[in-house]
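Have a look at the structure that comes next, please.
As written, the chain order gives the labels A, B and C, with residue 1 at the start of each chain.
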Amino acid sequence: MNNYDSNQIVVDMKGITQKFGTLVANDNVDLTVHRGEVHALLGENGAGKTTLVNSLYGLYHPTSGEIFINGEKVIMDDPNVAIQHGIGMVHQHFMLVKPFTVVENIILGLETHKHGVLDMKKAKDQVIALSERYGLTIDPDACIQDITVGMQQRVEILKALYRGADILILDEPTAVLTPQEILDLIQIIDNLTKQGKTIIIITHKLKEITDVADFCTIIRRGKKIDTVRVADVSEADLASKMVGREVSFKVEKSKAAPSDIVLEIKDLHVKDNRDIPALRGLKLTVRKGEILGIAGVDGNGQNELEEVLIGVRKAESGSMTVNGTDLLGKSPREILDHKVSTIPQDRQKRGLVMDYSVAENIILENYKKEPFSKKGWLNFEAIRNYARKLVTEFDIRPNDEDYRAGSLSGGNQQKVIIAREISNNPDLLIAVQPTRGLDVGAIEYVHKALIAQRDKGKAVLLISFELDEVINVSDRIGVIYEGQIVGELKAEGADENEIGLMMAGGGKK
Amino acid sequence: MSEKKKLTDSPVWITMISISFGLIFGAIILLIIGYNPLTAFTVILKGIFSKPKYISWTVIYATPIILTGLSVAFAFKTGLFNIGAEGQYIVGAITAALAGYFISLPPILHIPLVLILSIGAGAFWGSISGYLKAKYEVNEVISTIMLNWVALYLNNFIVLHDKVKREGSEATNKVLDSAQLIFANTWKTSEAGISWRKVHPFFGDILRTPANGGFLIAVGAAIVVLIILNKTTLGYSLKAVGINREAAEFGGINVPSNIVSAMAISGGLAGLAGAVQVLGFTREASALAASEGYGFEGITVALIGANNPIGCVLAGLLYGAMKYGGSKIQPAIGAPYEIISIIMGMIVLFISMPKLIKTLKLKKKEDK
Amino acid sequence: MILQSIAFILGTTLMYATPLIYTSLGGTISENSGVVNIGLEGIMFMGAFIGAAVGFYTHSGWIGFLAAGVVGGLFGLLHAVACITFTADQVVSGIAINFLGPGFALLLCRLTFDGAAMTVPLPLDEKISRPLNGLFEQNSFFDMIFNRYSTVYLAFILVFLMWFLLYKTRLGLRIRAVGEHPEAAATLGINVYKIRYFSVIMSGVLSGFGGAAMSIAIVSQFRVTLISGQGFIALAAMIFGRWKPQGAMWACLLFGLANGIVIFMPRTGLDISSQLLSMLPYVLTLILLVVFVGKAIAPSADGEIYEKH
């Protein structure tokens, strides 16, 4: 962007340490940002990026360390203090009141009023003026629940600007955007920095950093690793600094040997919770011995596809057969009985009963079967023995089948689910966002497990928002856009740009 | 579970502290309004333990609320908040009063039949809320509150019906002897009974009260609940749905039918409470001007008993003792009986705020 | 004659809707801020006693009414401390209040009225005033409908004020924001705790008024069975009114009408059970909840514990 002034330091965080109990989320981290700069914070999930900016925004109080804004030392003990010092934040999960209008959301907390009575006309005029000034077009009277995610993000940015923010923190702003919306966002960021605003952007996507950022601070396991001028480094440099070792983007695997069709979906139409079509004539097939990866931006029907496949959402029309049996509209139990297993996208909400032990979670799908129970009575010895075997086989740590599932690390929780699903010996394994929030070691483990299933001659369907993951793990790629598969291609030698274009609807025939 | 918890974090400890705080609070109130709390508590304790018949009365007072407590605790364990034990109790009671009077069978058949019908009625009443939650996502807290009042007016409608009402009363006819649960009810007033009671002062004294089989039924129900929750596939799936509905659904468990089952079992327990109270104590159902409070007391019992079935038996006995022993402070020293409601309310309030108790504990540590 | 009957029913409707309106407005403000308050019943109970007792000793219905509001507010504060500061389960805390309200009311009643569980009735001239008395010819159509105690008019004024507060003022916008998405409000520098404290205390004040409107206007004394369930009907009315003050008001009028018909029925000689009619509000509320299935009508964060990091 190159709109920055290297003589003017606006944010200077020194020696920030943040402890939550025994966990050290930030360990002596420094961050220096200049006026008009786009500064990226790069790190893996859980590295401590969000914790750092939350301290800057006054949501957390650092255990130790100092924060200077425009050279003045500030105790950030409340978002109000941050707002007063010109800091605005756009959270990863938008902080919008859904039944409120755009204007109401923007003015909330800083309302235009006369003696406590709202002056909505004045508010609307101010919001419109602001949106025109920064080129952020919005409909001021629309309710948040009725507008797109991209629009909601604009409302979030306007909220910060309305409060006179000069420093904007964007937490993973592109995670939910389409490629086109990402381009719009980049344009908006450029506009803002030209008018002297400073942007701190949190991301773990390397390409975005090279596209928009002037500087990049890399954080790993709570520690600052380095701050670099983006123009001076390559993506590979950034990646190795992020994960702490040379990263091979390639996943080792042999060539696929696909045979009979296992899953066949034809002309599938499904509505979402708001009764809007989410899948519109989706069509795909997965064969024995292959991994089909579904690439796409979040919100293009992946969630509904997962739910239909599992049997918890009704379809409007279409067919879905597994080994020739139509399973559309069948219950989750029946689908499971047809040798379909799923690693769901949200392991804590959908995968595990957190207050149950590892052993109890392992028998979740089979507790009614022998030897785990007989005529309604549980057989605890059989359950424990079986669970202990899987705990050892899948290297779940701690090595204790009585451990509470909710107390395991994310990676080990995922292992419990994988152990349970794979030990069902399914013909079709569906994995949705299987590596979300996992560290590098765990990601590798999951990828290897999926490939091992393929090599055993199973059909594997991988649905992921991480394009790299889809390209590296799959044999074949289907691109989902607005509830349809808009393109199919071989994973080997696939062109990321071509897929990116399709993900944005560009490849639609 | 191998996560070692400190004793001070356990619910038992929090319960104990809450009970103590509640009693201390009650003592302070008594002091403020001019009564000696030590005298008052002595009266209560003597009123509970000093005679065999007092102990028997305590148990009689405790019986229905142990069962409504179990009802609420069972629902809690399956992730549901059953505020409707009150209404389920009422339908159980009226069913028992009707079946106990209009059906005539030998006791060996009559009692079990009446109990089963009452359990069924309570289960039906509970399963309405379960069905509304499973099918229409109606919050069970709200639906059970509404159904409590529907049950109350339904009860009055039935009780006051010409064919049901006992002449000159606002209650049903007394249940037949073949359906009642009171120990030796006719024998104890016979000549042989009276002379036996003279020779056996302890049991004789107990027989002066309507001592009945209800408590044994309540303890039996607690054991059944314990077994269902911990040893059976039904308990496994009910708890799984309670802890994480979505994960259970993804794991192939039929969530709606589990929610309905959970509310039905919970309602059945409350219905049983109503039956036991009618067959063992009142022998009739009356028109109600206001709710009798067994359901709400059951919530208290479940909270004090930390949702553990055995805990509910103990908590029910505690509450029964407070109710019975507490009723004696008014005649003895003139202190208002309502102090018991205040103490129980404060205990519930403290149990609802584990954070307060933990904060106090931290403060204590810092002071050291 | 028919006109007379209609006037009688409408008049009783207004009378019986009034205590419900106060209390349901209390429920409305509390739940709009995200705090469930099923303790309304207990607070109403307390309000009924305080209103009647203070009214009796001060010889002024109005002082009794205000005192009921103040004491109701104290119970609201107790609920707020438990739910907001100490993150108690809101339903459990409400249940505790339903023990404490009647407990304290009866305890104090026995202490101040010679061990009786009811207060001494207020003389007619010390009750709340009837400002429109004499405006219409006695027992004429309009007199039977509109010649009511001041508490009736005040209730309707409060409905308007509550609507204005929630939808037209800065504070109202914040109350609703806190009830929908407390984290969002907090990131904008709004003090979630303060807003919730205010709303829950107000719900206590209004429920206290509701109880007093029963004990010193509709009747002239407090007794044990006076409130029995009205707090829960008010809760139902708030839900029926979809968490909006004007909606709650209409629901209270509907429930009041049911009551009016129950009282009128014996005059008609028709054999419709008053017990079945009394069930109506509760059954209607259940049906409404089913009809609006899946539509999020309660504030999103209603009943959820909010904790600052």
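In the analysis below, contacts are C-beta pairs under 8 Å (C-beta built on N, C-alpha and C of every residue); 3 or more make two chains touch, one makes a residue touch a chain.
Keep in mind the model is a prediction, meaning the values are calculated, not measured.
Viewed as a contact network, the protein chains are fully connected, with every chain touching every other. Sorting all chain pairs by how many C-beta pairs they have in contact places B-C at the top.
Chain centre most remote from that of chain B: A (centre = mean of CA atoms). If each chain is reduced to the centroid of its CA atoms, chain A and chain B end up 48 Å from each other. Inter-chain centre distance (chain B to chain C, centres taken as mean C-alpha positions): 29 Å.
The geometric centre of chain A is 46 Å away from that of chain C, both derived from CA atoms. None of the residues of chain B touches two or more other chains. The touching residues of chain A, when paired with chain B in their complex, are 310, 312, 331-333, 335-336, 342, 344, 349-357, 360, 364-365, 367-368, 373, 376-378, 398, 400, 402-404, 407. Across the complex, chain C is touched by residues 54, 57, 59-60, 78-80, 83, 89, 91, 95-100, 104, 108-111, 113, 116-118, 159 of chain A. On chain B, the positions that touch chain C within their shared complex are 29, 33, 81, 83, 132, 136-138, 141-143, 145-150, 152-154, 156-157, 160, 289-291, 296, 299-300, 303, 334, 336, 338-342, 344-346, 348-349, 351-353, 355-356, 359. The residues of chain B lying in touch with chain A in their complex are 1-3, 231-234, 236-237, 239-240, 243-244, 246-254. Put simply, chain C touches chain B in their complex at residues 36, 38, 78, 82, 86-89, 91-93, 95-100, 102-104, 106-107, 110-111, 115, 224-225, 228-229, 232-233, 235-236, 239, 273, 275-276, 278-279, 282-283, 285-286, 289-290, 293-294.
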